[in-house]
Each structure stands twice: as structure tokens, then as C-alpha cells.
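What follows is a set of structures for review.
In the two complexes that follow, subunit A is the common piece, with subunit B as its partner first and subunit C second.
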Partner chain A sequence: MKRILTLLPATAVCLAFVSGLAYSIWQIAITTTSVDLPGLLGENLDQSGVENPVTAVLLNFRSYDTLLEIGVLVIAGIAGISVARTSSLEDPELRTSDTLLYALQRWLIPLMLLLAGYLLWAGSDRPGGAFQAGAVLAASGVLMRLGGIPMDFLRPGIMLRLGLSLGFAVFLLVAVTSALHGGEFLAYPPELAKTLIVVIETVLTLSIAMVLLALFVSAPVNNAEEPEEGGSG
Partner chain B sequence: MTPSLLYAFAGAALCGIGLFGFIVISHLLRKLLAFNLMGSGVFLVLVGLAQHRSGPDPVPQALVLTGIVVAIAATALAVVLIRRYFHLSGKTALEDPARDTLPHQGPREVREAPRE
Partner chain C sequence: MTLWLMAGLLFTPLAWAVLTLLAGFRRGRVVTWLGIAIQVLVSLALWAVVVRDGGFQYPLGGWQAPLGIELRVDGLAVTFVLLTALVAAASGLHAGFYLDPDKQWHRYFWPLFWFLWAGLNVVWLGNDLFNLYVGLELISLSAVGLVALGGQSEALRAALRYLMAALLGSLAYLLGVALFYGEFGSLSLSGIASALGQDSSGDGTGFALVLMLFGLALKTALFPMHRWLPPAHGIARSPVSALLSALVVKGSFYIAARLWLELGAPLGSLALAQLLGLLGGMAVFWGGWQALRQRKLKQVVAYSSVAQIGYLFLLFPLTWNTTEAAALQAQQAMTLQVISHALAKAAMFLSAGNLIMSVGSNRVNALAGVSHFLPFSLFSFGLAGVSLMGLPPTGGFAAKWLFLQASLATGQWWWLVVLLGGGLLSAAYVFRVYRASFVEDSNIDHFFHPARRLEIIPMILALLSLGLGLMAEPVLSVMALTFANGEGT
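This part shows the complex of A and B:
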């Protein structure tokens, strides 16, 4: 009974929150606006350099968001690595080895790498792009980690640093270069737009995969000598 | 009342459920899950509300895609932090500073040396 009483204020707050939110959604839904964003996007799509509207928004019309996003990702990755308890993210001690998983990986990893490359390329004219490809790439990295395949690029050093920062650095370089040439920050020259977008997407894929993988491996699961870890606590 | 608007209202409901969990549950991992549920609700509201009038709208979809990636990274960072906290304190919930609670298990000895 006492527990129900303590839950009562929280329930009331949540119900009020939901009803306020639902009321706002309803208000927005019934009011008409004069701005037609999909139409506006469709008219300007041929200037963006890519045919997929989502990619055009992500890497051309609202590329500022994407630039900030990869910045956030890099910071999260660095923070995750720096609180990790291990001195190196790639340590033979931390590898699990599972023969079945290893055998499966020899089939899966090449397919996943191929899929990541396809998704990256497909992003220019159909659903796909850097984020999906980066997620697949990170997933294959996680699988490799779980199957005990050594990943030397995760050792502290130039590869790890480059992998984490490449996407953000290249993106920022493109942005600043276009600003220095008299254009606006992040405005690509129209004739180079497609090339630049593909280059940025490629390095973004690598960096996103690297950040996600680094965040995964910086929370090691091998704590055999610490029985409390993973218990009910 | 189109199906897309239904998605938006479902998103509002998810936000409410997530907020409830975030307030009530003390276990940090579950709190994180509840927080993610709120985030998913926000994404649903964004996409559902935008496509209710004129079909799929790429602008909010792109923003939500950005949001999903940031949410994944933030969640992973939160998990790393929670595990670190658990390592250091042996607790799965934050301490209440107002109450002098008996620790569930004594704070474990912190070993900074890397495990080789």
C-alpha cells in the first residue's frame, strides 16, 4: 500500500505529461502550415549532388547537424576509452574464443564488409548511407571481437586515433575549405558536391564504426577474477 | 486521424512510460533503458507527426537518423560509466545523499593496475 502511495505522484506527473504532449500533437496535426518541406526539398534535390532525399538532407542541406553529430560521437568514444579499466583495448586476455562463432565468422565477416560497402554506395540514390554502413561495420567488429580475432588497430596508437577522428577531421576540413574560398561554411561547390559527399560519407562510415566498436570494447566482459561483476549486485 | 498520427500518439505514450520508469526505477541500467524509451518516443513523434499530412518527409527522417546514432553512442557511454560505477562502488543505484543507507556490500578495493 505504501509503495502504491509513493508511486502515485510519479504516475500523476507522467499522465499529465502524456496528456499535454498528446494535446500538443493534436494541435500541431490540425493546424495547416504554409511551409511545404518535402516539396521544397524535391525542387532543390538536383542541386544537392545525390538522388536520395535523406542523404541530401543529412550531408548537404543540414550537414551542420551531421558535423556536430560526428563531433559528439568522437567525444563519446574518447570519453568511453578514457574511463575503461584496461590499459589497452586490444588485449589477448580480453578475447573470448568460441570455435563455432569463429567458423561462422569466416563466412559472415566478408559478407558484412560487402554489405557495409554496398550500403555506403547505395546511400546516394536509395535508402542507405554512412550511418547504416557504419553500424554494419561496427557490428562486424563486435563479432570479430567476440570470436577472438585479433584487431591490432585497437591498440593505442596512430590507427586508433586516426580511425576515431578521421570522419570529423575530413568533414571539418571540407567545411572550412569552402568557407575560405569565399563560400559559406559547409557549402560545397556544386560541381564537386557528389564527390565530396561520397568522400565524407566514406570517412564518416569508418569513424562511426570505430567509435561504436571502441565504446563496445571499452566495457570489457571478461572479469573472471571478480565474481561480483555481472551478479545481481 | 491517420495511421501516421497514431504513431505520433504512440510516441507520446512511450515518452510517458519512459518518464515513469525514469522517475520510479532506481537501478541504473533500467533507468537508462527507460530514458532510451523516452528517446524512441520522441523519434516516433517526430516522424509520425511530419508524415501525417503529405506522406514521408525526408527532413525529420534525416534528423531522427542523426538522433538515433547519437542516442546509441550516448547509451554506450552511459553503460561504460555505469559499469565503472559498479566496479568502484559495488552498487547498481545511485546513493541517496539524504539517507544514511547501509551499503549492500562494502565498497570494494579499487585496483587501478591493469589486469594482465
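This part shows the complex of A and C:
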């Protein structure tokens, strides 16, 4: 009985949420939008430097959002490594020694690297791009890490921090260079748009992979603790 | 000139985040001083430009809304940009001396600090629903990272709780954004507002507004969704607590207020407005009562934030379906409350950090005898407290006076109870700290004396909060500046 009483409010909230959402979606589905954004996008696509509308939105029309989202990824990476004990990377107990994994790795890793490269390249005219390529690259890193291949650059040194920030830094430099020439922040010169987008996508792929891999490698355990302010008294 | 200022404003915090990530703590501190100087100057210059010429739209990448993202640089936005510059500069300078440079994880304070600053500016200037979401994410994640810094288990627990609350709030907001996009085909806030004004009835987006307000209220720690705030703000290092209480919770509140003022009239309802006001009023009482009962000094200050946030939510009932004059008064009151609470609460947390450092304990009772040997730090704490109580001539008084007038003008007399009772409760918890500090236990000065530079920073903030009541007129006149060309879109 008591359990039912505690479940009742939760059920009521869920029901209200679902019915509100259903009513909203129903209302939205029967009205036409006042702004035709896909049409507007199609008209401006040839000025964006790429043929894939998704890439055009992500890296040109709404590049500010993407720049900041990469910032969010870097923050996640920083927060991850700031709480991490990283000596575990060298811990032999954590290494897998599985012959099947080794054998598979030899086949899979070159294929995955190739796939990451393809996804990056495909982004300019069909679905693909830095986020997908970065995810595949990170996955191959995870596989290598599980197989015990040493990756010294993941230790918390300057290499890791450079890798985390490289994509973001290059993107930011491109953004400010256009502003220094008297334009708006992030306004690419039209003739260079394609080159700039490809450069940004490439460095972003590396950095995204780095963030994901750093988060995988760094588990939040820390022996050297910081006590609360005035906690001893 | 304006283009350069905007580029500087957007570029500096992000660039300094990268620079300080590559440097260590000590080098990062020097680099940060330079960045703070640039950012404060740019914010001041931009503020002066808007005061002189009025506000403007800034299309990023040269793409106009709705295809691209436009920033809205008006009087209110630059006022908050400047406020952020002041409070963040103070907290950053304080942190440089307060944090122990030999602990290796403190190097990550600087990049997170700069990302937080960048995120706050994104929110103040945003006029695009999705862009505001990204700004919220920047703020929340860097704030969580700052709370967790050092990775002590209590801090991690508080940070995770904060992260979960922030994520739930973000998801609710994002779902609302998706519904708005479905209805109007645009993400531009002013575009949606003008579409609503013309023909579209906006049926079905009322629910979206409720969802977004729920998510933002959760992120602002409105009663009864405030439970994540005291542990997170209490356990963080004091400069971090100052940033979190003074600025971070205001970011999500600002978005809620902007949504309400633009879309509240057609999509809101009397019940929703009164409910938000009621929860705000309950937050004032509950937060004040809890602040009175806490044993740890920083928990007192954290619960005081819960109470002070409550006042802000009086904006909702006082602007819904009321006369233009009363609505304007309520908006001015909200702005003054945000500014004075930001200054006072930053001063309070920074001086609380100094006091804790001096007595070596975080309990209120451990302050016995402090008034005798450390009057300076205690004085900043008290000055900030005076503003929270709402005594004249502080900014807190001006804000509550305007709220009072707006309540009377709209006939909603019941908010008077909140305004008067809340002031009494804040007086009670501030005096409780004072009483503890005046207890004489011995005549020996066994306290650690923090460096003078650590004590001066909260003092300046407290004095600014005190003087805000006297400067309220010019501040409010800047806040009312909209766009130079007279268009609201």
C-alpha cells in the first residue's frame, strides 16, 4: 500500500508529461512553420564551401555553436583528467593478454583508421565528418589500449593537453583571423571556405578522438586528496 | 571598432582557456592577469559603446538569423557582461593567491575558469534558443569541473549530484527548444516572438515553455529543486563558490526571464506565473530558515543563495498581464537584485574563505574571537550581509523597494510578506555569524592572518554592492537601452 502511494505521484507526473508532449506534438504537426529554414539553407548552400547541408550548418552557418560544443568537449576532457589517477595506465594487472584480441587487432585497427579517414573525407558532400571520424578513431584507441599497446601521449603531460586543445585552438584562430580582417567573428572568406572547413574538420577529428580516449583512460580515483576548507577543525 | 570589440569579447576567454591549459598554475596565473585586464577593458569599452549608440545585432559568421546565429547586444546584456567581468576578475585574482599552487590539480582551475566566463558571456548575449543551450552546457560543465577539482570523495559526490540536476534541466530545456523549432521553424528568440505576435497562435508551445521554465528553474535551484546547490556551493573552494553563487545560477535564471518577457504574454498563464512566484516566496523563507540552522559557515552562505534566488522569481507574477509601468518596475527590480546579489554573494563567499583560512575550521562556532583580531575580513562579510538584508542604501534595498512598489501597483499585496519576512530572516542569519565572532574565548591571537590582498578583494565587492543603491538610476537607464534603429527584432 505504502509503495503504491509513493508510486502514485511519479505516475501522475509521467502521465502529465506524456500527454502534454503528445498534445504539443499533435498541435505542431498540424500547423505549418512560418519560416522555411531548409529552403533558406538550400539557397545559400553554394556559398558555404561544402555540398553536404549538415556539414554546411555545422561548420559555416552555425559554426559558433560547433566551436562552443568543441569547447564543451574540451571541458569534459579537462574535468576528466583533473580528477584522475593516471598511474593505472602502467598497471600490468589491467593489461589484457588475449591472443584472440591481438590477432583481431592486427586486422581491425588498420581498417578502423581507414574508416575514420573515409568518414572525415566524406563529410564534405554526404553524411560524415569530424564527430563520426573522431568517434571511430577513439574506438580504435580504446581497442589498442585494451590490447596493452603503450600510448605514452595519454599520460597527463603537455602532449595530452596539446592534443585536447589542438582542434579547438585551430578553430578559434580561424574564427578570430576573419574578425581581424574587419569581418564578423567566424566569417570565412568565401574563396577559402572549403579549405578552412577541411582543415578545421581534420584537427577536430584528432581532438575529439583525444578527448574521448582521455576520458576512457582516466578513471576518477585519486589517492592524493584535498580536504575540505577548514575540514580538520 | 565595435566589430573588434565583439571579436575581443568572444575570443579572449576562449583563447585564454587554451593558453592556461598549456601552462602550469603559476604561469597560468600570470597569463590570467593579462587576460583579465583585456577582458575587463573590452567589456567596459563595449558597455560605453552601447551607452553612447544604443544596442545592435551581431550576426556571427556574417549569416543573418534565422539561417545563422545573431547575438543581441543591448543595454541589459552589456550590463551583465560588465558585471561578469567585475565578479570574475575579483574571483580570479582572489583564487590566484588563495589556491595552493603546489597541488598539481589546481592548474586545471584556470582553463575551467575561462570556459565558465566564456559561457556566461554566451548566455548574456544569446538570442538563439539552441545557442543559449550551448552556453548553458559550457557553464554547467565547467562549474561541475570546478566543484570536483581535486577529486575528494565529498566533492565528487556533490559534483555528480550537481551534474545530474544540471543535465536533467538541460534536457528539459532542449526538448522545449525542439518543440519551438517544430512549431515556428526558427530558433531565433525574437523571430519566434514576432511570429507569435502576428498570426501564429502557438498552440502546443505552451507546454514547451513550461518544460523550459522547469529545466531552467532546476538549474537555478528554485525551491523545492534546490537540494543540489548547498552541497556543491558549500564544498567548492571559496573563489569557486563565489563564481557559482554570484554568476552561474543567474545564467539559467536570465534565460528563463528572457523567455518569459518575450513569450510569456501569449503562452503563459496566471496559474504558471503565480506558481513560480509562490515557489520563489517559499524559497525565501525555506532558504533563510535553513541558513539560520547550518553549522558550517559556507553552508549558511549557500542557503542564503537559495533564499536570494527566490526573490528573482517574483518577476514572473509581477510582469504577467500587468500594466507596463509595473512590469518595468519588476524588471528593474530583478536586474538590481541580480547585480546586488552577485556582488554581495561573491564578497561573502570570498570573505568566508578568508575567515575559514584564519580560524582553520569551517564551523560557525569556531569564529569565536575573530572580531577582535581580524575585523577587516569580518567587516566585508557584514557589509555584504547588509545588502542581502535589504537595508538602505544598498543595492539589495533598491531592488526590494522596486519589487514592493510593483507588488502594490499590481494589487498583489501578498508578496509583501515575502519581501519583509525574507529581510528579517537574512538579518537573523547574518547576525548569528556576527554573534559567534564576538564571543571572547581568549585574549591570545592564535589566528592565521591572510594576506592583505586577499582581504581587499571582497571588501571592494561589498562596497560596490553597498553603493549600488546610490548608483541605481544610471545603471537602470543603461539597462533600458534597446536597439539604436528602434526595431525590436
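One rule holds for everything that comes next: the second predicted complex is superposed on the first by the 209 of 233 C-alpha atoms of A that agree within 3 Å, B and C clash if a C-alpha of one lies under 4 Å from a C-alpha of the other, contacts with A are read in each partner's own complex, and residues count from 1 in each chain.
The criterion applied here is as follows: a residue touches a chain if its C-beta (ideal position, glycine included) is under 8 Å from a C-beta of that chain, and two chains touch if they have at least 3 such contacts.
Since this is a predicted model, take the numbers as computed values, not measurements.
In the superposition on chain A, A:14 makes contact with subunit B only, while subunit C stays out of contact range.
In the superposed model, A:5 lies in contact with neither subunit B nor subunit C. Applying the stated contact rule after C-alpha superposition, one finds that A:180 touches subunit C and leaves subunit B untouched. Applying the stated contact rule after C-alpha superposition, one finds that A:69 touches each of subunit B and subunit C. In the superposed model, A:79 makes contact with both subunit B and subunit C. Legend: residue contacts after superposition of the two complexes on their common chain; A:36 is shown touching both subunit B and subunit C.
Look at A:54: by the touch rule set out above, it reaches subunit B but stays clear of subunit C. Look at A:100: by the touch rule set out above, it reaches neither subunit B nor subunit C. Once the two complexes are overlaid on the shared chain, A:216 sits against subunit B while remaining clear of subunit C. Overlap of the subunit B and subunit C interfaces on subunit A comprises residues 21, 25, 28-29, 36-37, 41, 61-62, 65, 69, 72, 76, 79, 83-84, 225, 228-229, 233.
By the touch criterion given at the top, residues 3-4, 6-7, 10-11, 14-15, 17-18, 21-22, 58-63, 66-69, 103, 105, 108, 111-112, 115, 118-119, 122, 130-131, 134-135, 137-138, 141-142, 144-145, 148-156, 175, 179, 182-186, 191, 195, 198-200, 203-205, 207-208, 210, 235, 237-238, 298, 353, 356-357, 359-363, 366 of subunit C touch subunit A in their complex. By the touch criterion stated above, subunit A contacts subunit C in their complex at residues 20-21, 23-29, 31, 33-37, 40-41, 44, 60-65, 67-69, 71-72, 74-76, 78-79, 81-84, 158, 161-162, 164-165, 168-169, 172, 175-176, 179-180, 182-188, 220-222, 224-233. Residues 5, 8-9, 12-13, 15-17, 19-20, 23-24, 45, 49-50, 52-59, 61-63, 65-66, 68-70, 72-74, 76-77, 79-81, 83-84, 86-87, 90-92, 104-105, 108, 114-116 of subunit B are the ones that touch subunit A when the two sit in their complex.
On the subunit A side of its complex with subunit B, the touching residues are 7, 10-11, 13-15, 17-18, 21-22, 25, 28-29, 32, 36-39, 41, 53-54, 56-58, 61-62, 65-66, 69, 72-73, 76-77, 79-80, 83-88, 91, 93, 129, 131, 134-135, 208, 211-212, 215-216, 218-219, 225, 228-229, 233.
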